[in-house]
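Same chain, two partners: chain A is paired with chain B first, then with chain C.
Up next is the complex of A and B:
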């Protein structure tokens, strides 16, 4: 690589610039758009010169939009709240269920353990609507339709396999000798799990939790099928917002920016673990 | 564990053999609740079942499936789904590999760029589709403006049957190329350096090094990444639904969108369930292939082979 010709270095530079342009431009453009009024958005030719305004954000946060024609309510903040509730509780539940199971799969090769682990993994790959469509009928019968509890339960389909397989890998990387020593010193199994195994696998558990949060947040189809307007997260809410508000492009852009900002921030924060998490531990980052 | 039995601190204690089952049971129970709807879906797929005609409900065994054979709508769905899946994965693979090769050297700039490229991947696909919908809006969309300024005056992106597939594939490529890129980049950087140094000494041209050394050594990563993406892509729903709802007409009626619309719009539950069972059969086959490759790669990453 060190003896690359100047021409080659130029070509590489141009190729990289194009790559960055293609992948970054949409995010850049949507942020620009969210800082403009409708008049500047609709200008032709489009121009980067404009007076930035936060009015779109303030309209969304205040929950209403006053224009010279009429004023309408915006429910977007409640979508944001729903996203936070659904993702947080789904991940919490998945950690509660998944970490002990991951420990069991990592430490005890018991009969059927691989089969159970793979059954759990297979949920990651099955078409979600296959399960969701009959589930809507069941949920209506047992009263779980359009409740947070029902949604959080179904969100386990995304969160559990992810947490189970990533955390299992981290437990397998810890040598069992430390745990044996602690057990022999007379501590109970639970104390060993809590004081030795959990802290050692801590970073892995945190990374798996963050990734599960991102995937739960980004999910669209579960809530589209199972939630009505007052329980919808941002992904579904933004689509409804586009349909309802028609031409309020500035607000739509601001809503999209608010919806993607949390996951982008988390991803940048946890980027060290992303590679390993995304490949379910097949590739070390 | 003989000592443990003599210790004074023995309150209630679980037989050691049962412990792992107890630990994994809650996770399993939560998911078994999900298995019930799966069985129900299989059952519905064998029924004549429309929500609008409850009196007409009954078993018709394989008729839903047999009807597919003479149903152009079904063949269209199959064709669109496969085209979408293979085109997206193919393009993402070539682009992802190219970008990974560009970023192979671990410099500060390259690492910064590879982190930046995570951002599309972490954007919810449904929201990404909305962003592109705004960008391709005929009135003010920046891409429509660019298209017009290079002479494509009447380029209507997602709303024209001839360009709708191109548009959704573009969004898919934007979201998921970084996935393949970061997997292949991690793979590239984990390759041993000796073969490359030896080839360098022998004066093997760079192009040959790529075909003869890099590509074969990278193959397990390429295979795992593409199978993973293929599994997701054949089930694509979010991007297509958010961008065009399967339209215009039936140009983008992939499996999940078609099943969703069958269920909620035409309330033909039997057909919808049968469609999902066929998609499930495809993904089951693919996921078996994937898991085999993934396990091999995982064992290698953990240094077991």
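Up next is the complex of A and C:
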């Protein structure tokens, strides 16, 4: 890296700029769309010049979708609230269950432990629809359909394997001697887990938690089938913008901006941990 | 006091510790010595409770601690790879045994400062382990093991990763440090000089068994097997194939047609294929004796070692104190101190000697 000539550095800069442009452009375009009315979005030829308006945002926040023919209520803000509740509690539960389980799988090899761990991972392979049909029937029978508890439970299919497998790798990277040393110093195994294993795997846990949060947030099909209107997250709620009188592009764009904002903010906040966690060097003693 | 009875540890089909029995007296320092893979570290871990043995009992003091968790055994241990807590400062590392014992803040500060000063790391206790040199890490690990003044100290090759100068210093300091605390110490090392310098007794381990246990003196002058004789001593012992003979003058060895008298108690060796073990310092240049060619000389600081060839072109090393006159290159004669000749059975490697019982036991 240090031996790069100015030309190489310049080319690298261009390449990076192109990559950033490629990935950021859709987001940039959506932000632009969210500030326009449907008329300016759909005009031909498209133009970058327009009079910005916040009407899309105010419509969404007020919960009134006004099109040129009619006006109807939408529940977008409550969808957003549902998304936050579902994702947060799913990840919290998955961390609560998954981190100790990951520790157990990393430290205590027993007969069949690999099989159990793999079975848990295999939940990620199954097509969601395969699980959904029987699940819908069961949930209706036992009264879990259309409840937060039921959804959070099903969301464990997404979050738990992810957290279990990522965090397990981080626990395995901690030298067992460091833990032995802490116990020999006189601390119980639980204190060792809390003071040694957890802090050292911290970046990994943060990374896994963040990934699980994003996966849960983006989930569509579980919530579509198992939740009715008042429990639906933004991914399902966005369907409401496809109306009989046309697709409300401006409002969809504004809704998208609002719905990616929390994950984006979380990712930016956790970036430090992510980089630390993914580069792993911090864990080795 | 530590007592181990029939300690056995297996990993799958490999037996790492094979029914070990030994006792370490209170306040004694026992050095575990042996090649890599002999089971030294596993034994130490089994004593600390970090490894669960398949069979056998471990007693510390009078108590059977075999089924006790590591935190309930009250031992101190320093790991070969230091095993410092990377997210804590050196101070917190050293303080952790004191915190576990529920000491107050002032007592902890005093305890850590005392031991850190003793080990000359008091100026770096605020640093993270990452920021410490290898020597400082090693001292931090040692301080952590010592700070709570445990009755039993387990030290796993703590000087392996430090530079030669520091190793030498620590080899001088450690015995004083350990004796001052009255702790029972088990010390693992692969360096025979360290073993000789630090051990009240040395236990030589090979393939999960104790081959010999004794004072450094005993291990050096009366090694149970030829392997042990080779491991202890620098330069290594000269080994010559020979068959002891007997006539009216007693038992003797024939080396280059010269008669080398042996002790009368070596009668058992007569007629057997043997290896004669001659330490370089048991040989000396003399006016008469075994004729050799002096080939090359290597001066060490305190001694000079000469490579000599016997008439049958067998290589032998002869050492003499530095500064004493030696032969010029070419023909010379070597005398052998008969009291220092070690005779080993060529097949089993066991030493044949007075203590026939001990040698037979080691061979079994």
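Assume the second predicted complex is superposed on the first by the 224 of 285 C-alpha atoms of A that agree within 3 Å, B and C clash if a C-alpha of one lies under 4 Å from a C-alpha of the other, contacts with A are read in each partner's own complex, and residues count from 1 in each chain.
Convention: contacts are C-beta pairs under 8 Å (C-beta built on N, C-alpha and C of every residue); 3 or more make two chains touch, one makes a residue touch a chain.
Note that the structure is a prediction, hence the values are computed from the model and not measured.
Peer 1: I'd like to know which partner A:44 touches here: chain B for first, chain C for second, both or neither.
Peer 2: A:44: touches chain B, not chain C.
Peer 1: Specify the partner with more touching residues on chain A, choosing between chain B and chain C.
Peer 2: After superposition, B is the partner touching more of chain A.
Peer 1: Just chain B (first), just chain C (second), both, or neither: which does A:114 touch?
Peer 2: Neither chain B nor chain C is touched by A:114.
Peer 1: Touch test for A:186: chain B only (first), chain C only (second), both, or neither?
Peer 2: both
Peer 1: Contacts for A:199 in the overlay, against chain B (first) and chain C (second): which applies, first, second, both or neither?
Peer 2: Once the two structures are laid over each other on A, A:199 reaches chain C alone.
Peer 1: Answer with first, second, both or neither: which of chain B and chain C does A:230 touch in the superposed model?
Peer 2: The answer is neither, since A:230 touches no partner chain.
Peer 1: Now for A:156: first (chain B), second (chain C), both, or neither, which partner does it touch?
Peer 2: first
Peer 1: Give one of first, second, both or neither to describe whether A:178 is in contact with chain B, with chain C, with both, or with none.
Peer 2: After superposing on A, A:178 lies in contact with chain C but is clear of chain B.
Peer 1: What part of chain A is shared between its chain B contacts and its chain C contacts?
Peer 2: 183-184, 186, 188-189, 282-285
Peer 1: Could you please specify the touching residues of chain C with respect to chain A in the complex?
Peer 2: 45, 48-50, 69-71, 73-77, 79, 81-87, 96-97, 100-101, 129, 144, 148
Peer 1: Considering the complex alone, what residue numbers of chain A touch chain B?
Peer 2: 1, 12, 15-16, 19-20, 22-24, 26-27, 29-30, 33, 41-46, 96-98, 100-101, 103-105, 107-108, 110, 113, 116, 118-123, 125-135, 137-138, 153-154, 156-157, 160, 164, 169, 172-173, 183-184, 186, 188-189, 214, 217-221, 224-225, 234-236, 238-239, 242, 249, 252-253, 256, 259-260, 263-264, 266-268, 271, 274-275, 278-285
Peer 1: Give every residue of chain A touching chain C within the complex, in rising order.
Peer 2: By the definition above, chain A touches chain C via 175-178, 180-189, 191, 196, 199-200, 282-285.
Peer 1: Under the stated contact criterion, what part of chain B meets chain A in this complex?
Peer 2: Within the complex, chain B touches chain A at residues 1, 3-4, 7, 9, 17, 19-21, 23-24, 26-28, 30-31, 33-34, 36-38, 40-41, 44, 98-99, 102-103, 105, 113, 115-128, 130-135, 137, 139-140, 142, 145, 174, 177-179, 182-183, 186-187, 190, 221, 224-225, 228, 231, 235, 237-238, 241-242, 255-256, 259-260, 263, 269, 272-273, 276-277, 279-280, 283-284, 286-287, 290-291, 294, 297-298, 301-302.
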